[in-house]
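What follows is chain A paired twice: with chain B in the first complex and chain C in the second.
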Partner chain A sequence: MASLIDKSPCEDLLPIITPGAQLTEAQPGPVTSVAPFKGRQAATARALAADGLGWPEVGRAVVAPAGRCLWAGRGVAFVTGLVPQGLEDLAALTDQSDGWAVLRLEGAQAAAVLARLCPLDLRAAVFAPGHVARAPLGHMMAILHRTGAEAFEIWVFRSMAGTAVHELAVAMQALAARG
Partner chain B sequence: MRIDGKGLIDRSTPLGFRFDGREFVGFEGDTLASALMASGVRMVGRSFKYHRPRGIWAAGSEEPNALVTVGQGADRTPNTRATVQEVFAGLEAVSQNRWPSLNFDMLAVNDLFAPFLGAGFYYKTFMWPRAFWERVYEPAIRRAAGLGALSGQHDTAHSEKAFAFCDLLVIGAGPAGLMAALAAARAGADVILADEDARMGGRLLAETQEVDGKPGPVWAAEVLEELASLKVRLMPRTTVTGAYDGGTFGALERVGLHLAQRPEALPRECFWRIVAKRSILATGALERGIAFPANDRPGIMAAGAVRAYVNRWGVAPGRRVAVFGNNDNAHQTARDLVAAGVEVAALIDVRPGLRVAGDFPVLAGARVIATRGRRGLREITVQTETGPQRIAADCLAVSGGWNPALHLTCHMGGRPVWHEEIAAFVPPIPGKPGSVPGMVACGAAAGDFSTAAALAGGLVAARAVVEDLGLTATEMPLPGAEDGGYTLRPYWEVPGERGRAWLDFANDVTTKDVKLAAQEGFASVEHMKRYTTQGMAPDQGKTSSTAALAVLADATGRSIPGTGTTTFRPPYTPVSIAAMGAGGRAEGFAPQRLTTSDKASRDRGAPMIEAGLWYRPSYFPRPGEATWRESCDREVLAVRAKVGVCDVSTLGKIDVQGADAERFLDFVYTNTMSTLAVGRARYGLMLREDGMVLDDGTCARLAPQHFVVTTTTAAAGLVMRHMEFVAQAFCGDWDVRLISVTESWAQFAVAGPQSRRLLDGILAAPLDDATFPFMGCGAVTVHGVAGRLFRISFSGEHAYEIAVPARYGDALWRDLVARAEAMGGCAYGMEALNVLRIEKGFITHAEIHGRVTAFDVGLQGMLSTKKDFIGRAAAMRPGLMGPAREQLVGLRPVDPGRMLTAGAHLFPTGADLTPANDQGYVTSACWSPVLKGALGLGFLQDGRARMGEMVRLVDHLRDVDLLCEVSHPVFLDPEGGRARG
Partner chain C sequence: MRITCPLCGDRDRREFTYYGAADYLNRPGMGAPAEAWDAYLHLRDNPAGATRDLWYHEMGCAAWLVVNRDTVSHAVLSVRLVTDAQAEGGAA
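Then we have the complex of A and B:
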């Protein structure tokens, strides 16, 4: 039987590199949304701890060697890098691995590039490494995770990857043109 | 004329540019205005209404006269202030509002008719005949008036917008702003310093006074260097244009407009939204004129601007300059001119008995009463204490005093306060209603006009902010500076003289116009403004409004504060729409959502149509097919006879899980989902709370507590929002969790009699009716990949929807299409999908358009009577059911060759085509290649009781008028045998 070739959301679109910023596609591995059922949040957090993770505070990420757990909205977190185990009766689990394009924007100008598209206060004192937000990127909704002083992960709907890359590229090139 | 050894320009860098086709040379650091003035150009434009010759008045963004068009073709920008535009090599500028040339302008004839063109002229003259206004008068007036013109071409230039945040925004980088920024930055505050000039320093660049024992520009440069080292964000060329809620400011940055070689990616402008915890307004002050007859000739300038041209740009605005003022500040102009070696014809001060030391004639207690010079000032007449005196002068520097540039402090409704001593308005008291929260003004913007006071004001303002922010101020000595007093005698208009005395140069408003407005009853300042157009030009009356108020106050016997000011509104200076809407042009208008089959579809030449931001193939053309209809017909017939494949990934998919999931679904759907067996799907209908249909779709039960809901493409976001709202607002304690999985799955419809055979070729196990009956669903393995299969049909055929993780979408699509084609089938697009569903009478949002009930679409049977659901009570309201409602029907033309049109209206045969007889409308129409005739769906009053009746279909827009037979909306296979297979 023939096999199906898989394609990443940003196939052929990346990388884009300008002075001060580079945009690449991140491969976060499996992504599972975890929404604890009523009264099961503590138990969910305990189960996540088995993988070195935990339940993230609002707007934060829990980062472990094996994977990450990102706050992703009201009562929901995204576990990436590993498939969480032992949560079946504790939380609604949905495979989100194919639903998102995950872009990695890094470099000295990364925050300045994002400031063209995202109305959040991205100053390091306010949105520090480890912080997560759901915020608009241009006209689309995104999940933003600051992974380092000069590095962000930007999650957008898979179908919008082309527009996201285009808009980020325009912002990167415009900044680079300022010299 | 350039003055040797003066100015902050770089004379080693000459820059060639053109104005009105003539070649000129400026220097690095020049504005277009300073470079033209250095070359002896005096007339730079014609006035708005009377087309009078006008020159440069100011040296900043408040310039009312010198508006030019910069650039060529699509890239040209009209109404650029020559006083703001920096000179660069190759700059192309042309004057405006003249034809055929600046020197000879046909419409200058307007000036001769001036006695008839006074205030309110339009309102009085163009009243009659009424019909003439739109057809004759307005077009004629529009042609005659106006400033620069747009290119008429599509604007292809790149603009940008951006967001910034800070503890403190300092607006203006003069002595006050620099001092404030320095004090705040030293205390550790995160500061943005924005200034509209290309070079920061404000009046320190234009004056000769020293700060801290150094020339002003040197002190400014040192402070700027320290600010940069303290990580203060310096934003030159950035005008803060508006103050808004939540500490937000709009600011326009000129990014590429001053560059000779603009890289393609470099934006022209950037529109910033700056959010600041606190703000300090240090915008300085704007000099105002004095109204006297013919005070608008080229060569008549603001006294402070004359100093700026002399000191900053090393330009003498004239060979023989007279100075006319009512305040001490104007005297400095005479002194600076003499120091620069320019002859001063006279210093004229309206105050009698004044003693001024200087190497120039002083005429105290005198006033200018007339001027001469057709295209530029040649001579003035001065009324002295001993009689009139004619003085030759090619430049007259005028000062009527200074107005604090307080505009931003009033952008949220605040009213300025009159300050008697300086005869000017000052910012509203901070904290009062209408004041901008967190904003404080200092320096000249607050009415403190000496350099020493500006430095002190900046320091005090910054200290207060620093304390407010919880930081600690550092000890900072005040640099020494000039602390000259500023005394003036309020003097707005030279009284008792004949001839027009101009207030608003930009809109050609005279003192007479203001008095006429008052006389004709437009005595309120807001009425006077609209009647005369005072302050309504691009400069918004920056140099003229206070004087106009004074004239109005005098004419109406009120005080100036009693007369009040007009409302200050953003923007402070004009902002291009391109900058405000940056990023929104063309592709930037909305995100494009592409399916995983997008590339394969486009490779086949499929035209794409947009729905819910998704791009979907309209049809798949094949060689030899001349029209879309041929392709569409082929695709429809292939589905009916063989098999077709269609990407349906765009339909919304929502995962619903939890112990209360079935209870929740019973609540959001009109019909019951809790009785659904695992492995089965059911058609469902959702209502809004007002009882109208929200959306329809299927609900599949994958596990006892796990459902997947599908929505229509266009309503996917709407339904998700609706369900979230219901879950949070009405079912807060229910155990139900929702998440969208639309993007996770690539889902393809495989429809037609051969659909099962096709799928058997790719699934691990063959399909049969026992495991996958009609409306069955479950997990399958597709080419070794875990997928989902739903036996549902939107075509009426034996059909499936097969879903795989999106990463495999492209591969599966190509495989499915290849297999379908090998079986005599094909891929089908939106057109064929539409025909297939109309043949079956299936509804889309063309039918459930937001104003129909379940009863209207014939689905009243789906309104469960055994449970409550969203919209139930409202759907039962009287008037939402019954024969008076327009009900879904099928329509077929009596002449089968005629096409129906969606949007047409339905009338009883024989009735007049009046709104009262309008009984319904057509929502969908197509040609059915299977039934070989045109079909339509529509809504008709009491339609279900009128099957077989004839109605008249009329489309006034497309000239269609034909007879139709009303039929059941399901045209094909009403029993559904084909789908159950």
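Then we have the complex of A and C:
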């Protein structure tokens, strides 16, 4: 077996820091997509409860000490931080750990930066901490999770990591230049 | 044009992909006559007014939607998940 070097999706690209915003890479740990079979959503939720998680409502996340369960689309959630157990007969499971680049955008200007790329109402009263959305980031499909008042986690396909970092960096620098 | 996804809320129509008429939900049964298949594949209304289409929320939640819209005013009259529409009896 060849000795392979483990590299994160945004290796050498981050962090990027501008006045009011900083972009770093998050390491969410294992990522498993969970798509319950027809009629098995309640049973899936019970199985996830064993890990302190549950089935998220539309546009929400379930956050537990051990991990998170993010709504990721119609009938799909991403469990991250741990590998869910006991779901084999209840849901379609896919290991997506290496499929996503996860960026953390923080700071007083974080929402303003994201607003340049993402056509969502990002005001905290509408997109509050704990909320999750699938939305375009530029032309990329993304998952957004607002983890705090001034903190967002941005998930994009791993193949888009370089483009996502570039687009966010341009938005951060342009916003900083306005002073 | 804006489409209100039942899951994601009010979104720009560029997040969605158009598929075709909602007639595609009314697939004939296995023993259906050739005329039924001909109608299913080829015959479409071309209304000046309310029309029903299938759209896919590609940049969002990946749900298939039945969009009822007005071809004259471009107003979107209603949006429902295909699964919900079918659960309430066919593609109506």
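One rule holds for everything that comes next: the second predicted complex is superposed on the first by the 177 of 179 C-alpha atoms of A that agree within 3 Å, B and C clash if a C-alpha of one lies under 4 Å from a C-alpha of the other, contacts with A are read in each partner's own complex, and residues count from 1 in each chain.
As a convention for this text, contacts are C-beta pairs under 8 Å (C-beta built on N, C-alpha and C of every residue); 3 or more make two chains touch, one makes a residue touch a chain.
These figures come from a predicted structure and were not determined experimentally.
Asker: For A:178 in the superposed arrangement: first (chain B), second (chain C), both or neither?
Answerer: first
Asker: On the superposed three-chain arrangement, identify whether chain B or chain C touches more chain A residues.
Answerer: The larger set of chain A residues in touch belongs to B.
Asker: Kindly classify A:97 by the partners it touches after superposition: chain B alone (first), chain C alone (second), both, or neither?
Answerer: After superposing on A, A:97 lies in contact with chain B but is clear of chain C.
Asker: Check whether A:119 is in contact with chain B, with chain C, with both or with neither, and answer first, second, both or neither.
Answerer: both
Asker: For A:135 in the superposed arrangement: first (chain B), second (chain C), both or neither?
Answerer: Touch status of A:135: second partner only.
Asker: Is A:7 in contact with chain B, with chain C, with both, or with neither (first, second, both, neither)?
Answerer: Once the two structures are laid over each other on A, A:7 reaches chain B alone.
Asker: Considering only touches as defined above, state whether A:50 meets chain B (first), chain C (second), both or neither.
Answerer: After superposition on chain A, A:50 lies in contact with neither partner.
Asker: According to the stated criteria, A:58 is in contact with first (chain B), second (chain C), both, or neither; which is it?
Answerer: The answer is second: A:58 touches chain C but not chain B.
Asker: Just to be sure I follow: which residues of chain A are touched by chain B in one complex and then by chain C in the other one?
Answerer: 74, 76, 119
Asker: Sort out for me which residues of chain A touch chain C in the complex.
Answerer: Residues 58-59, 73-74, 76, 119, 133-136, 141.
Asker: Taking the touch rule as given, give the residues of chain C at its contact with chain A in the complex, in rising order.
Answerer: It is residues 7-8, 11-12, 15, 58-63, 81 of chain C that touch chain A.
Asker: What part of chain A is in contact with chain B in the complex they form?
Answerer: My answer: residues 1-9, 33, 35, 37-38, 74-76, 91-92, 94-100, 115-123, 125-126, 138-140, 157-164, 166-167, 170-171, 173-174, 176-178.
Asker: Contact residues on chain B for chain A in the complex?
Answerer: Against chain A, the touching part of chain B is residues 158, 160-165, 190, 255-256, 263-267, 273, 275, 583, 587-588, 590-596, 614, 655, 657-659, 728, 733-735, 737, 739-745, 762, 782-785, 804-812, 815.
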